[in-house]
Amino acid sequence: MRETPLSNCEREFILNNIAQQRRLDGRNAYDYRDLRIAFGVSLGCCHVELGKTRVLAQVSCEVGDPKQTRPHNGVLFVNVELSPMACPAYEQGKQSEEGIELSRLMERCLKESRCLDMESLCIVSGEKAWHVRVDIHVLNHEGNILDCSSIAAISALAHFRRPDVSVHGEEITIHTLEERNPVPLSLHHMPLLVSFTFFSQGKYMLVDPSLKEEKVMEGKMVVGMNKHRELCTLQVTGQMLLLKDQVLRCSSIAVTKVTKITELIHQALENDKQARLRGDKHGFAVLVSGDKVTSNRLPTTEVSVEKTEVSMEGQSSEEDSEDQSATNNGADISDKPDESTSKSSAVHILTKGVGMIGEGGPSTWLDLPQAIEKQQKVKKRKHRPAKAEEEEEQESSEEEEQVILK
Amino acid sequence: MPLDTRRLTGPESSQSPYNFAPVNKLDLTQLDKRPDGRSIKKLRPLFLRTNVVSQARGSSYIEMNETKVICAVYGPREVLRREDFSLKGQLTCDFKFTTFSCRQRRQYQQDSQEKDLSVLVLEALEPAVCLHKYPKSQINIFITVLQHDGSALSAAITCASVALASAGIEMYDLVVASSAAICGSVTLIDPTAQEEDALLKATVKPDNNAGSVTVAFLPSLSQVSAISSDGELSFEILNKSMQECVANCQKLYPVLEHTLVKHQQELEAGRS
Amino acid sequence: MFEPATEAKLADHCTLCVHRRGILTGQAGQYNHYVWDKSIPNVELSPLCSPNFRPGPPGEQAQVLSQNMDDLLKTSGCINFEDLCICPGKLSWVLHISLVCLDYDGNIMDACVLALVAALKNTCLPAVTVDEETGDIKTDPTTHTPLSVACCPVSTSFIVFDNNILLVDPTNEEEKLATGAVTVVAEGSNLVSIYKPGGTPLRDDQIEDCIDRALERSLEAARLIDDTLCSIDR
Amino acid sequence: MAGMELLSDQGFRIDGRKPNELRRIRFKKGVFRQADGSAYLEQGNTKVLAAVYGPHEIRGSRSKALHDKLLINCQYSMATFSTQDRKRRPRGDRKAQEMTSHLKQTFDAVVLTELYPKVQLDIFVEVLQSDGGNYCASVNAATLALMDAGIPMKDYVIACSGSHLRDTPIVDMNNLEESSGGAEVVMAVLPRCEQIVFLEMNSRLHEDHLSGVMDHVMVGCKDIFNVLNQQVQDELCQKTQLDKLVTTG
Amino acid sequence: MGDAGLSEAEKTFILHSVQDDFREDGRGNEDFRHMELETSLISNTNGSARVRLANTDVLVGVKVQLTPVDPERPEVGRLEFFIDCSANATPAFEGRGGEELGSEISAMLTRAYAFPGAVDFHSLCVLPGQQCWLLYVDVLLLECGGNLFDAVSIAVKAALFNLKIPNVTMTKDEGGVELDLSDDPFDFKRLDVSGAPIIITVNKIGHYHVVDASEKEEECSLARLMLGVTEKGTITAMRKEGSGSLDPNSISDMMEVNTRFLCLPGI
Amino acid sequence: MASFTVVKQEEFEAQQEKGSAHVLRCLTSGLSCLTRQDGSVSLSQGDTTSIAVVYGPAEVRINKEQIDKATVEVIFRPKVGLSRPEHRKQERIMRNTLEPAIEAHLHPRSSISIIIQETEDLGSNLACCINSACLALLDAAINMNYMVAAVSVAVKENEDMVLDPSKQVEKEAKSIITYVFDSVNYQIVTIASTGSFSRVQHMEALKLAREASKSVFQFYRESVAKKLLMSE
Amino acid sequence: MAAPMPVCIPGRKLCKESDTHLPGTGTYTRNGFIYSSLVGTIRETTDESNVKTISVIGKENNSIIPYIDAIVVARVTNVNPRFCKCEILSVGKHHLQDAFRGMIRKEDVRALDRDRIEMHKCFRPGDIIIARVMSLGDAQSYLLTTAENELGVVSALSESGK
């Protein structure tokens, strides 16, 4: 499905507002929309809402071989898929330009900033290591999925626990969650992406663009940073010409944003931890809790049903109902099966390794490999001509020359 | 993360048990009798039949002892991609070994060898088909080798040409193919798989011949529509064995003829 | 060197099923909950068998079929995967099962199951010996041990025609017109699976009827397989 | 600490360069006959071929055409033998795709696209040998190829990379410096007006150092510009003189 | 290959030019075009070569890598060919456009090199039954002006000739054998390529046989015969290409023509 | 409210552990929880949650166009990794279940696409997905012939029946059967089973599931009613 | 048919081409001879001037792809003011295994007052029509016409689809 384009007047309207330092949702230029982080019941599952934009991130791991180039390291794999779930413009399966850019940015933010301690993921050097996989699902695209997914990804990584392993010589045992407490991944730092959008030759700049703003922007600059004021990624996309000081301004703003968001994440993690300790209700069931206007809840319900014996006689009753149906609409059950049941009790063995049953008689495939090898008579018939021709080939060849019609 | 998400995938580290089995070497240079008891110059019995795939426009099945090939022909269909549109008809060929057809387990995806063979079969058949009669449409040939015991290529070509004929596609002539393996002084006609890879492993003196030839031949136009050879061969030997293959094609031709005539008669019987 | 091969034919429909045994080396089997599957069935609906299929990776139908075969193998318990273990944690058999459709004329599910079971039943594993200290593996293709197959599940497919008529063993044509399908896989008196993927809603008695017929048929088909296999001298 | 051997105490880099010193640049325009424009460029051990086809009518689906401007279509690929350990495939992997889109972005900004509505321009870049700064070399080579093809542009677009080692910014990094894990800043600029067309940074760099590095990279770009411009001008003069001779007989 | 889009008139012109043995670029039917050959230009490879045959421009790089041996033949090393048709040559090759041609060429090369005498495969085996050298022969097609197969094969042979395989020292210890490569750039061994074949293509245009056809001429020929020939004059691979068919005699003639170019392999 | 479910939840888990339990876990739905789609629902059955969205009737890709009715496509997105044959199977089941329920012929040459995202699988995932999809269709106001409700039943080794099993129970169970019923006269739309069982068990499970499905339908009605109420 | 006619296969030489023997369908001529190009039975038809036409009849009696002037049955797939697209289901008696795309331009719908044709009043998607092939058309589709008395829509459904 194609994305419905923005009408010119709408475009104008938005741009004018931006020019007057106003945004449609009443935010200031450097404000984020309100951020909500929730964790699933399963570990390493994080759900982030940034305004109306929603992203789900799930971290998983499995044991595999390490890369030849880095035998002492585990492997981190980041997968961002823009499915039609998020917005109709995206197509299932094929990666769009946007998708590639997004997933590369995520990769650079998480991998190349080396926020995850790869050595700690190694089980047996050069033989076995953990493959950690981050799946990021964009559920709803209302602008700035990039920041949202980076938040989701990093908090999911922080929330995740991998099963414990113990190595005794050759033996490698992976302990189930019941046997031993799973261990968290060791994160060096928490890089986050902050994107800045530019309008009208970079004259105006906004943080956390909404969908509409993204549609009218001329370019975007993404700053990846952690709370130690270390830049982890920097990227300018779109067709625009920037000047150095603009870049610097962005990075300085990013600092404040990152520190704030990082705090939020830590807080959320803490809450989840407490909830689990208290055996409280956690997970998404809370997210879709019945308190919203559009939502509804049916409390756990007892289903009363007659006991087995009842259903037994139910069976008998159904049996007779069946014959009824068989009688009243004759077409109901084709008589094919009846026939087969009646006479097909006899299995015909045609040759060694070839048997048949039921209607229709032997198939065209009767003389196939096994059949033919054994089935001498068939084979003979087949082969006589071949042989014959082989013997008197001259004759056959001249017959070929001879003219049939004159 | 399995790479092929559309199939059930097993462990990569799995190996064929035959890798651990003792290998029995077969020396072709001094061999009086062939493993299957044929004489050097003898062809394997050829079994052909048509109409094996009910859904196809034309189809055929060929069997040379343990080499078993099935082929189906579909079309003429319309060309969907506007890029490869042409007023002349097009022929496509898709050659595949089943995973279990060979000694070593094969992959599901078409590998380079199969691609190469597809092209060879295609070029062998193209000269024989009256493509100008099928404007802006294409004819698809699908070949599957169920079991590979040598000379799969020649079997496939022969099989395909019969399938085309049985499909009622207009052709200038049938195509018959046959192959030979040369090792030193001996020339084995219609080699089996065992002989073929014995050939590859054969440690012959540098100036000695070791290789194989496959020739596709249009019998009644007496034209060679495809020829391919592997291994190191001297010019004379190659030429000689090529002639031999041509001769063998002539021998096989009547079998094809017989099969097709029978096929047609069955049709007639069906009509009346 | 022959792979156990069987073909199941329902009228014009033919499926060739072959097992390729492979030895799984390495220690993959060792990780208790990262064990590899020991049987990998794959159904190939090649463009050869019907004009509906195009070349390239398997389409949805083929994938679903492969999955069904897999589920069947796993849940029916017709092969005991412990038997496939040669040397615990180190070495085990892997059954690569390819089901190649040669002629597609409907009711492929039944054909596949039939072929699958028959092929399993005449699978032979060559003897394997492992040298303790060196860890060298030796196989002897001359001596075979047949794979023990506990039971033989049989699938019976019905299509729902025009919302209330049930037809067994549908042809390609019938399947195109069908408004729903039911597949019952039975084994002796037990049901291995009932598979009715949507379609028109059916009354209980209709389902019951399908089950009845499936149970009957399963006995016959089992007999077919056994008799046929007996007829092969091995 | 990686920085140590990368920058000696005497302030020399691993390949003996000074921190703000560029690698040797050699290039040749018009190396292919069949392409409309082409260029071969060496920056140290990084060797790149660029070819330009078009503007020509849209290939493939018409829907790609832009009604108001030129469609620029890029492909970045690396020869399988170009890298230290062999690449499996020359293109199509994520990194290559990303690089492709970066090139596209860069040249969309500088080529006067509005002059050729509804048509397509192909820029193909082939890295024969990679020793760091692939993007930079590609951009510079492509710029030359575009000139060779006579495609109107705002200005040269020049790319250069830089980093920050032991409190000293360095420019035009080679492979060793890149793979050492230090920060890498890549910039593509219009050298005359100092405008940034493309900016990218990987790994970690403290925010305070950013400004310094950017300055040096900018200078680096200008140096490259001068080198290229010099030769281009000379060639042009020679050519015009030749033409004069021809015309005057 | 051969998509110059010729008009009938042009075709007949070429046909005639071939008939009177005076082709459009002034060559006779059995003359090659001007060829340049340079070696060792990519420092990242173990051996590299570039061939420019008129407009056909081919770059070959060879990389060596230690790999476990093929269980089927445990005592020899392996060659692997990969042809990448760069989009620089023609926009048609963009993306996957060139793959078909690429695989065709690599298939032909693989055949031509698939006999024991091609190179000394045994010398490529480092540790019989365990480790051997895998030679990645990567061909990069930069520009195509006809007769690709020949040009590629020549470039490949040159690159193999130029190949420097680092020496390996083996140290026995209790886990097994320790292999280490010498990093000294001058401590290497060469590969003997005297047996290596090159491909010569003979095009049948009208009733005449033409070697080293230009792109235009290729389009005019319905069938061509490609042979891999060695210095010794043996034929290591033969293949008929194109949609036409040939009668047996003309094949022999074409082979004759080929064998006249045996001088070429000895570059 | 939170506390209320917590208690229930634990009781419930316990009950399932100890033997046959004929309880449906608590259902929670959030209609039009997303903004970009024509219909969207996040549904949770106990801890098992899934999000389903619906687009359509909308323009259809030319190669999928059907001239007499709308093209219904279902995409199931697993939470981890790319979709594999097992998910294809689920997709197929869901599509065949929902397609006849939709009155496709009202919107010829258009597409109705349903995308279902697994967000938390803690037992009876398939049922949850199907139910959420049906709700999403209702939320998108697509004309339907009937609603569908899915319920899974697990048969334990000791022959006990467990309705709407949790992950733990599913692991131990001998077989799991998922039934889908239509809302008109509660006939069987879909059966999908893993593991073997006797026909008696099948019939017992069927009865149980059918009863349960009625309360699910009730839940649908309430949810939609509530939504409509709010929108007024 | 009475006596089974001789069956021939592709490449079989039938007879010399001469002004009394002309090549018919299923044959081709090569240096002076008529060869068969099909598996089929040979048939010779003699016209009044005693000229024999040699033809070979394969499994179908007529061509298996649309050819110019063939009468085809097609289903309309979509309609717009200038033309309507349809898929050709069968050529003459031969039913096509998979359909070919066809197109009827506004001016080819009917012979009389062509300039007052309104496509959507002539065709609706799903209609089954009989048409004649005008030309092979472009890369996309064959050009069809219904501008004859015995051509046009032969089966259609009402608005309500009943």
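In order of appearance the chains are A, B, C, D, E, F and G, and numbering begins at 1 in each one.
In the analysis below, contacts are C-beta pairs under 8 Å (C-beta built on N, C-alpha and C of every residue); 3 or more make two chains touch, one makes a residue touch a chain.
The chain lineup, named per UniProt: A = Exosome complex component RRP45; B = Exosome complex component MTR3; C = Ribosomal RNA-processing protein 43; D = Putative exosome complex component RRP41; E = Ribosomal RNA-processing protein 42; F = Exosome complex component rrp46-like; G = Exosome component 1.
The structure presented is a predicted model; accordingly, all values stated were derived computationally and were not measured.
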Farthest chain relative to chain E (centres taken as mean CA coordinates): F
Remotest chain, chain C as reference, centres from CA atoms: D
For chain E paired with chain G, centre-to-centre distance based on mean C-alpha positions, whole Å: 49
Between chain F and chain D, distance of the C-alpha-averaged centres to the nearest whole Å: 54
Distance from chain C to chain B - Cα centre to Cα centre, in angstrom: 30
For chain B paired with chain G, centre-to-centre distance based on mean C-alpha positions, whole Å: 35
Chain B, residues touching no fewer than two other chains: 1, 6-8, 15, 52, 54, 74, 128, 146, 218-221
Sites on chain E at which at least two other chains make contact: none
Where chain D touches two or more other chains at once, by residue number: none
Footprint of chain F on chain C - complex, ascending: 60, 63-64, 66-68, 70-71, 75-77, 179-180, 182, 187, 189-204, 207, 211
Chain D-facing residues of chain E, complex: 42-45, 48, 55, 57, 59, 61-63, 65, 82, 84, 86-91, 94-96, 136, 138, 140, 142-143, 145
Contact set on chain A toward chain D in their complex: 69, 97, 100-101, 103-104, 107-108, 112-114, 221, 225, 228-244, 247-248, 251-252, 255
Partner chain B, residues of chain E touching it in the complex: 71-73, 103-104, 106-107, 110-111, 114-117, 195, 225, 230, 232-248, 251-252, 255, 259
Sites on chain F touched by chain G in the complex: 67-68, 105, 108-109
